[in-house]
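What follows is a pair of complexes built around subunit A, which joins subunit B in one and subunit C in the other.
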Partner chain A sequence: MGNDVLRNLRKDFLVEFRSRFALNVSASFAAIVTIAISLTAGGVPFSPKVQAIVLWIVIFFSAMNGLSHIFVREEDQGTALFLRTAVNVDSVFVSKFIFNQAFMAVILAVVTPLYLFFLQVQVLHVAHFIFSVAAGGVSIAAATTILAAMVAKAGGKGSLFTIISFPILLPVLWISISSTSAALNAPSPTGGNLLFLLAFSGFISVISFLLFRFVWLED
Partner chain B sequence: MSTAPYCITGEGLAKKFGRNTLFKGISLSVATGESLSITGPNGSGKSTLMKILAGIQQPTAGKINLISGVSIERVQWLSRIGYTGPLVNPYDELTGWENITFASRLADAGERAGRLMEAFGLDLHRDKKVKYYSSGMKQRLKLILAVLNDPPVLMLDEAGTNLDAAGAATLHSYLESVRKEKIIIIATNDPQEEQLCGRTITLG
Partner chain C sequence: MKIISAAVKSVYILMPAAIVMAFLWAPPAQVLGDSSRIMYFHVPIAWVSILAFVVAGIVSILFLADRKGSFVMFDGIAYNSAVAGLVFTVLTVITGSIWARISWGVFWNWDPRETSIVIILLIYIAYFSIQGAMAHNDNRGRIGSAYLILAMITLPFFAFLVPRIYPSLHPDPIINADRTIFLDDRMRSTLAVAIASFTALYCYILHIMNRMMKLQNHIEETSHEAD
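And now, the complex of A and B:
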């Protein structure tokens, strides 16, 4: 299985590196929205709660622009059947899951510094802030991997992915906003929210792994 | 992998899309050393039957098994089947050689792939991205990918599409050379390819 995962990961990174479609769309969206918000706000300071909400809205929609691409591309370009013949089903899921986590990490690395800079956000607890953003990102990428496969199989595009992802990601966004807001100004934020996000990621990853073959193998 | 005897059996296979019955009551058994061609007019269900035999699609009715001593679990079928068809496309952003490296499972796959690329006339184009290949070159690459891992079962759907005379001759000579050690199932309307097989099922 390890060899299959590595082969597929290498292929996915190579294809994405050469086309840069998903990354360009997501990073451009993130940069444009962040700058647009900072310009329209005109220097008016937001409360920490609003800052956290806006940050997660930007992260959510930036991610939605790219996370489904890993499976939608396979169906659109007619390579899904080739992938099925070349890599076993469990390895497909694991490699796509890892790719989406890496993709999400890049999105967070683009969005977060831009957001902090352009909206002049003051972070009181830096470590808690970093863990909150990272744990929220891991949860989003974990939950959306199997949803991307389902949307791709249904012949759907980005909008369908965003719509079906929203109810599943609602608790993640809610907790991530709480945790981020606490990192910005709470006197001493607790780790309960972070634990929830990590537990959610673990649970949804295991369920997705077990169910993936039913999505991937049925035509 | 290809030395152990294999057998594909199907009983009462049928496929419906909505109210439209594509085919029904198809029973077959093909063992190692045997070859079968599936023919019929366009839309008669050749490709669908191939997908069912490869475990890619479920039949609406009937049973299908791949046996090698014991019945093999359906999720494992594609690791034993070299399958190609109009809907199996290599990655356009990768070169021919990168596609082959991606699909390789055997330890000596590099050496074997080199021989196959030479045989199918792609050795001079191995480092070119597939998006710059002609239709015939893509078809040759798809055939190489199907046979690359020396699978015990070969399922080729419209394998001769877009091939020139030299490409078709290479394909036919390859099939002739491996027919005694593999199960070969071909969906085709080409009489020459049909003649390569011992038996024929006609749909429609």
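And now, the complex of A and C:
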């Protein structure tokens, strides 16, 4: 299984590196939205709560532009059938899961500094802020991996991925916004929200792993 | 089978009994007065909406775990239960907002419980989006069932966790003057009968929907054979 995962990951990274389609779309979207918000705000800083909300809206929609690509591409290019027959189903899930986590990490690494720079965000608790953004990103990537597989099977139709992901991810966004807002201005933020995000990620990852074979394999 | 049929048909006795008890027998609550009678409809409807989604999730597990082809109709049953759940969730939102208007002066204020029920509504609307997108896809049942299981495991976060983490104005603290839930024996028994009657109503609706689905499948098979 380990070798299958590594081979699959290598292939996914190579294909993505060759076209950089998903990454370019997500990063460009993040940059355009962040600059648009900063421009329309006219340099006036938002309150910490609003800053946290807007940050997570930008992260969410940037991620939605790219996270489903890993499965939609396999179906579009007709390689899904080869993967299904040649590679163990659990290895496929683990490799796609790791790829999405890496993809999300890149999105966060692009979006967050841009956002802090253009919207003049003052972070009071830097470590808590970094952990909040990272934990939220891990949760989003964890929950969307299986949803991406479902959307790919449904033909990857337009905004379907966002429609089915948004309600499942709402608790993650809700808690991430609270945690990020606390990192920006609370006197002493607690780790309860981070714990919730990690628990949610673990829970949904396990269920996704168990359900993946029913989504991926065909009758 | 006769037991199930009798349980389903108990709605004919339970529902009128619940209505009479709610309006004529149960006393009004101390603070909310007669408007508290909406509780005998709102609480059972909310309970049934969660029950319907849990049933949809459990039936989906059986459908996916079935290797012998014994439960081939179960994805349809899960779909029907989700439809019933969605209707009851909309009714929960409507009755809840009427109660909120009476108690708080506004129909909607994003109270944690209101937020939770709307998120649950969105989750199941998304399920119907997937089903619609896969209308002629052979994997529709498997993917729909996988989504229903995923949706079911998020229910505890919304139905139980969120309302307890965030401060809420929901009637737990305001239904009585001492700011605790206190229902006297008549209120309790009315609520119990109302919950039983709405559960029977859900079973009745699901039973009819399943029978319609079987008939529809039978008609389709017969017309294929005739061709």
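Operating definition for what follows: the second predicted complex is superposed on the first by the 217 of 219 C-alpha atoms of A that agree within 3 Å, B and C clash if a C-alpha of one lies under 4 Å from a C-alpha of the other, contacts with A are read in each partner's own complex, and residues count from 1 in each chain.
Assume a residue touches a chain if its C-beta (ideal position, glycine included) is under 8 Å from a C-beta of that chain, and two chains touch if they have at least 3 such contacts.
Note that the structure is predicted; figures quoted are calculated from it, not measured.
Of the two partner chains, neither subunit B nor subunit C is touched by A:183. Once the two complexes are overlaid on the shared chain, A:168 sits against subunit C while remaining clear of subunit B. Once the two complexes are laid over each other on the shared chain, residue contacts for A:77 go to subunit B alone; subunit C is not touched. By the document's definition of touching, of the two partners only subunit C reaches A:207; subunit B does not. Shared-chain residue A:86: touches subunit B; no touch with subunit C. Legend: residue contacts after superposition of the two complexes on their common chain; A:121 is shown touching neither subunit B nor subunit C. Once the two complexes are laid over each other on the shared chain, residue contacts for A:150 go to subunit C alone; subunit B is not touched.
In the three-chain superposition model, subunit A touches both subunit B and subunit C at residues 218-219.
Listed in rising order, the residues of subunit A touching subunit C in the complex are 146-147, 150, 153-155, 157, 160, 163-164, 166-168, 170-171, 174, 200, 203-204, 207-208, 211, 214-215, 218-219. On subunit A, the positions that touch subunit B within their shared complex are 7-8, 10-11, 14-15, 18-19, 77-79, 81-82, 84-86, 88-89, 213, 217-219. Interface residues of subunit C facing subunit A in the complex, by the touch rule stated above, are 64, 119, 122-123, 125-127, 129-130, 133-134, 137-139, 142-143, 145-147, 149-151, 153-154, 157-158, 162.
In the complex of the two chains, the subunit B residues touching subunit A come out as 51, 56-58, 74-75, 78-79, 81-83, 85, 87-94, 98, 101-103, 145.
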